[in-house]
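Below are two complexes that have chain A in common, paired first with chain B and then with chain C.
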Partner chain A sequence: MSYYFTILSPTDTPVFNIAFGTSKSGGDGIARFRFPDTAQYMNQFIIHSSLDIVEEAQWTNGAMYLKHVDTYPPAAAYISAFLTPSGVRFLLLHQPPQLSNSGGSSGFGASSILGSSSNLARGSTSSIAANPTSPQTEEAVRQFMTEVYENYVKTAMSPFYKQGAEIRSPVFRTRVTAAGKKWL
Partner chain B sequence: MTSPGDVTPVKPPPSFSPGSGRNASKLRYPEEQEPTVSIDAELVESRSVSSPSPSIPASTAELPIRSASPQARSIRSSTPQLARSSFGSPFEGRFDGSEDIRSLIIRAFSPTVAVYASEDTDDLVRNKGFKGGFWDLLRPFGETVTGKVIIRDSVGASRAWEDFGVRFVDLKTLGRAPTGQDPGRDSPLAQIEQVLEKQLGASDGSSGTQVPAKDILGFSATTPPSKLFLRQLLCSTAASPHETFGHPVASVIAISSRNKAPLETLRRLYAETNTGEQRLPDWIHQEYLRYYVLVHDEERDDITETTKLYDQMKRHFGLHCHLLRLRSSQCVVTDDDSMQVPHCEWLSPKEHLLGVGETETLVDLGTDGTSHIFDSDVSAIKSFVRELIVQSIIPYMENRVAVWNDQVAARRRGISGRFMSLSKRWAGFSSSSRSGASGSSGGNGGNYDTEHNFYRQETPEAILRKMADFAFMLRDWKLASSTYEMIRSDYGNDKAWKYHAGAHEMCAVSMLLNPLAMSAKLKLESVDQMFETACYSYLTRCSDATHALRCLALAVELLKSRGGSATESAARWAMRVMDFGLVGSVGQILFMERVAACYASKTPVGGAKWGARRRKAGMWSLLAADQWLQAGRPTLASACLEEAERLYADVLEVDGVFPLPEMQSFVDNLRRAVTSDYLQARGFTAQDEPASGEAGGTEEFSEKLDKRKHRRSLMGLPSQLDAGNLISGGPRDPDDQPNDDFERA
Partner chain C sequence: MAAPPRHSAMLSMNSAVATPQPMPGDMSQGPPQSLTPQPSQGLRVPSNRKTIYDRHLNRSRNAELSRASFAYLFAEMVTYAQRRVTGIQDLEKRLNEQGYPLGLRLLDLLFYRTTTTSSSALSSSSTSSSPPNRPLRILTLLHLIHGPLWRLLFGRSADALEHSVSPDTPNEYMITDNDPLVNTYISVPREMNQLNCAAFVAGIIEGVCDGCGFEAKVSAHNQPTEMWPSRTVFLLSFGESVMEREKVLERSGIK
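Let's look at the complex of A and B:
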C-alpha cells in the first residue's frame, strides 16, 4: 500500500505533503504508486478532485474523521479525509499495491467499485494493505489522522508558525512519518 | 470563497484559445446556456460555413443536418415528461443536451423492415442511380417519418411521436452476416475505431490552412465524436437470436409495372421468403407482416394498366398494398426539381468505412458525391413510407403486443404460470441431479436449445422477449420493462446467458427511459445491479464485447440524462468501460470526455456551493486533453483544455492558478504543448497564414476567434508564445478587445 498525505488550507493551498509506503507486513516504507514516474502529479489531481466530495461530506457527516470519501477507480486510489476546526483538511490517498496478476486487476477486480465491495479482499484479507475499505483500514487511518492532528495542533500553536503557511518543521515531518509507520 | 454567480460573467476562460475560442467551448456543454439558442446559432453558423465549401466530407457535413430538428423534437419528443417531472433540479436546461442523446438511443431501437424486390424493380431503381436497388432507394426515407406517428400503448393511451422511424434492411443479407464475418480482424469494435479515426482525421485536418471552422463548431451538446461513437455502436450489432430488434417486423415485397407476370412474381417472392432460399434463420420469427408494393414507372408504362393491376393486387393480397409511382430516369443536379438524396443516419461502421471513402474520391473529381432524386419521387416515397408505418406496421405491432400479452404473458403472469415456472425449476433440479453423470447436456428440460444456443421461435420465452422488444420499439417502456423483468430469471435458470444478459440490459434501459418511473422512486441500485449482471453475462459468459460495450454505453448515457446522483453512477460506468479495455485508444479518450461530461452535468444542490463535481470534471477534461495531444489531435486537445479551464474557473481562487504545485506544472506544460502543436498543425510556420485569413466571408467565424491570435503573435516576438505569457493573459484580454475591433473596423 502506498500513501500520499496532504494537509490543505481552507483555500486549498497545500500546507504539507508527504508520500510514504506501508511498513506493515514487511513493507519498506517507500511509496510505490501505480502511476509511472512521469505522472506523479496524478496524486495531486486525485486529491484535488476529491475536494468536491469532501465539501459535500462535511455537511452530512458529523465527525471530524470523514472516513473513506472518494475513489479514483482507474488507479484504485482511495481518499480518506479529516477535518479540523479551522477548516484545514487532512487528505490521505491510499493505493493498494498492484496485484501480481495484472490482468485480473484490470478486469473484474475493479468491480468492487460498484456494488460488491468485498472483491479486492481476496488477497490477504486481514492486513490493511490489501483492503482499503475494510473496517480495519478505516480504524488504522483514523488513528493515524488523530495522531497527526495532535501534532498539527502543536505545530500550529508554535509562535514561529504563521497560519496558512507551509509547515517546514522537520519535527512535524518525522512525527507524521512515525505515525505512518505505526498505524499504516 | 467566490460564488459561481459572480465569477462566470466577469471571468473569461484564460488566455489560450487558439482554435475553439470562447463561443465554441461554451457551446460544447450548453447546459448552462440557453440551449435552444445555442443550437440555433450553431445551426445557422455551420450551415453558412458548410454550404459554400463543398470540400467538407459528407460525414462531417451530415452532423448539423441531422440535428436540424431538435427544436421541434424538444417540444414533443422522446422525453416529454422529463422536463416536467420533478426531481429537485432547478436547471431545466440541463436536460436539453441529453434529450438529443435519448432520442438517438430511442431511435436506435427502431423496427426493422426487410425489403425484398423483384429483379425488374431493382433494375428500374438501379437505372436511377441507386446501386443497391430498391432497398437502397428506400433506406434514407425510413429513418424519419414526416409528421407525427400516433402509438397506443398497452393500456390504451395514445401518444404522438415526432421522431419515429423504421430501419429498412435488405432481406438477402438479413441474419446471414454473422456467419461470413471474421470475428478477429474486422470486428465491429475495430471498425468503429477506424470510423472514428477517419472522422477525426477529416475534421482535425492535417492539411493546415484548409481546416473548416465547422469542426470546431461541431462541438454541440455532446461532442460529435462521442455521439458518432454511440451511433456507430448502436447500429453495429447485427441481428442475433437473443434480441429481436434486428429481426424484421415486416417485409416489403416489391414488383414493378414492367413485370410480365406480376401476381405470380409476388407469390413467388412471398414463397421464397417463407420457405425458399430467402427463408430467414430459424431463430427469427417467421410470422411477420408482408407488405406488397407495386412500383409504377411513370415514364414508360401506362398508369391505367398499372391501376388495374393494383386493384387486382389488392383483391389478392389484401390491404397491405401500395402503388408507388416513380420516374425511371436518373436525376442529375441540373434538373428542375432535383434534390439531394438525404443522408443515411444509421450506417453501420462497415458501410461507413466504404461510404466515406467513396465520397472522398468523388470530391476529388469535382462532383459533390451525393446522388440526386426527383422531388416528385421523394414525396411519393415519403407518403409510401408514412402509409406503411402508420397504417400497417404500427397497427400490426400493437396488435401483436396485445395478443401476446393476452395469450402468453398473462398466462405466465398469473398464479398458475408462476407455479409452472417454479415446478419447472424444481423439475430441472431433480432431473439434472438424476442425469448429472450424463453431462446434463439437455439443460433442465427447458425450451432452450443448448446445441444451437437459441430458443425456438414458438416457445413462450422467445415470444415474450419478442413482445417486450415490440413494446420497447413502440416506446411503451412500462410494459417492456415489466416483461423483461418477468423473463430475465427464466433465462438465468435455463443458462441462456446471452438472453439473460440481453433481458437485464434492456430491462434497465427501459426503466431508465420510462419517464414516469422517476416519480415512482426508481431504485438506482437495482438498475446498477442489472447493468452489472448484463455486463458480466455478456463479457464473461459470452465474451461478446460489442454487446457489453453497447450495454455500458447505454448505461452511461441514460444515467447521465437522469441527473442527480445517477450522474456519478454514470461516471463510474464510463470508467469501467475504460477499465475493461473494451475500446481502442480513441474510444478511451472519448470515454474520458464522457466522464468529464457526467461530472460536469452534476449541479449543486439548491444555491449551495457543494454537490457539484467541478474539480472532478475538470480533472477528467485535462486528462482527456493530454490524451488527445498524445494522439496527435491538438484541435481536440485545445477544446478539452478550454473546457477544463471553464470547469475549473468556479473552484479556483485565482483564474488558471492551481494551488497544488505539481498540478500547476502539469497544466502549464500541457498548455504550452497544446499551443505549439496546435499552431504547428495549422501550418503556422508557413508565413502566408495571416494573408489568407483576411479574406473570405465564409470563414468569418474562425477569423474572429483565432486569426487574431495568429496575427498578434506574429507581430510580437515568436518567443512570446511561452506559457507564462499565455497564462497571464487575463489582464491582457481587455487590451485585445479594442485592438481587434480596430482592426476589423
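Let's look at the complex of A and C:
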C-alpha cells in the first residue's frame, strides 16, 4: 500500500505533503505508486479533486474524521478525509499494491469466484494493506489522522506559525512519518 | 482568574500553547535563549532536546496565568494600538485584529482538549466515546462560544446569549459578559467613552466563527447597568452565506 498525505488550509493552500509506503506486513515504508515516477503529480490531481466531496460532506456530518470520501477507480486510489474544527483539511490517498496476476484495475472483475476468494484470503492476512474500505483500515486511518491532528495543533499553537503557511518543521515531518509507520 | 500560586503562573508563562494570552508573553521571552545551534541539521533545538512537539498539550490545562501580568500585557497592547491609530473605530479594529488569530488557534486547542479528556475519562471504553462534533448550525456554535470557549479563556461561562428580536436582523446574536476580565484594569477616558477594549475578545470570537466556516462580524458594545458598570455585549452578525446555509441545513434536519 502506498500513501500520499496532504494538509490543505481552509483557503486551499497546500500546507504540507508527504508520500510514504506501508510498514505493516513486511512493507519497507517506501511509496510505490502505480504512476511512473515522472507522473507523481497525479496524486495531487486525484487528492485535490476530492475536495468537492469533502466540502459537501463537511456540512452533513459533524464528525472530524469523515472516513473514506472518494474513490478514483482508474488508479484504484481511495481518499480519506479529516477536518479540523478550524477548517483545515487532512487528506490521505491510499493505493493498494498492484496485483501481480491481474493487470491492475482492469482485472478487478475478471472472475468473481476467484476475486472473492482472493479477497477473503488477503483480508485475513493483511487487512489494512489490501482492503482499503474495511473497518480495520478506517480505524487505522482514524488513529493516524488523530495523531497528526495532535501534532498539527502543536504547530498551530506556536506563536511563530501563521495560519495557512507551509509547515516546514522537520520535527513535524518526522512525527507524521512515525505516525504513518505506527498505524498504516 | 483568581491569583494563582506562583509556580503555576510561571508554568503558563513558559508554555507556548497554553493560555489565552500567550502572544505578547511568548514574543518577549522567545525561544532563542534556550536554543543551541545544530549546524549538522540546520535545525535549532532547545538544549534539553525538547521541541514544542514533545510537550503535551494538556499539561498546562489547569494552569492559570497571573492576572497582574495579563493586565500589564493587555494594557501595553492597547497602548501600542492606540499610538498607531487616529480614531476609536480604528483602535477597536486593531484590537479585533490582534484577537482574531488567537480565536483560530483556540478553536483547535479547545477541540483537542475536549477529545482527549473525554477519552481519558472513559478510558476503559474509549472506543465508544466519540470526539465532539464540529458545529454545523449557528446555535451549536454559539453554545460553544458561550460555554467551553469562555471557560477556557476566563474560567466561567458567559452571562447571557440572546437572539436579536428585530425581524430586520435575524442574523444578529448577542453574547453578554457582565464583567469582562479584559476591561477590569482599563479606565477609558471620558472623551473616548465609545471605546470598549473588549474588542480584543470580539476579535477572538470572530476568529472562532470564521474558523468554523461561519463568516461573521463581531463587535463589543458598552451596556452598563446599575449593578454591572462594565457590562459588555458582543454583537455577532453572520453573513448572508451563513444564513442561507442555515436554512438549507434546517430543511434537511441537520443539528
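What we mean here is this: the second predicted complex is superposed on the first by the 162 of 184 C-alpha atoms of A that agree within 3 Å, B and C clash if a C-alpha of one lies under 4 Å from a C-alpha of the other, contacts with A are read in each partner's own complex, and residues count from 1 in each chain.
We adopt the following convention: a contact is a pair of C-beta atoms (placed from the backbone, for glycine too) under 8 Å apart; a residue touches a chain by one contact, two chains touch by 3 or more.
Bear in mind that the values here come from a model prediction, so they are computed numbers and not experimental data.
**Q** Tell me the contact category for A:47 with respect to chain B and chain C: first, second, both or neither.
**A** In the superposed model, A:47 contacts chain B only, not chain C.
**Q** Name the contact category of A:171: first (chain B only), second (chain C only), both, or neither.
**A** In the superposition, A:171 contacts chain C only.
**Q** Look at A:59 in the shared chain and tell me whether it touches chain B only, chain C only, both, or neither; answer first, second, both or neither.
**A** A:59 sits against chain B and chain C alike.
**Q** After the superposition on A, what does A:74 contact: first (chain B), second (chain C), both or neither?
**A** first
**Q** With both complexes overlaid on chain A, does A:11 touch chain B (first), chain C (second), both or neither?
**A** The first partner, chain B, only.
**Q** Let me check the overlay on chain A: which residues of chain A are in contact with chain B and also with chain C?
**A** 59
**Q** Can you tell me which positions in chain C touch chain A when the two form their complex?
**A** 16-17, 22-23, 26-27, 41, 43, 45, 51-53, 55, 57, 101, 104-105, 107-112, 115, 130-131, 133-136, 211-213, 245, 249, 252, 254
**Q** Residues of chain A touching chain B in their complex?
**A** By the definition above, chain A touches chain B via 8, 11-14, 40-41, 43-52, 55-56, 59, 73-74, 106-108, 110-111, 113-115.
**Q** Per the contact definition, I'd like the list of chain A residues that touch chain C in the complex.
**A** Going by the criterion above, the answer is residues 10, 58-60, 62-64, 83-87, 146, 149-159, 162-163, 169-172, 175.
**Q** Hey, which residues of chain B end up touching chain A in the complex?
**A** It comes out as residues 525, 528-529, 532, 536, 540, 569, 572-573, 575-576, 578-581, 609-616, 618-619, 622-623, 651, 653, 658-663, 665-666.
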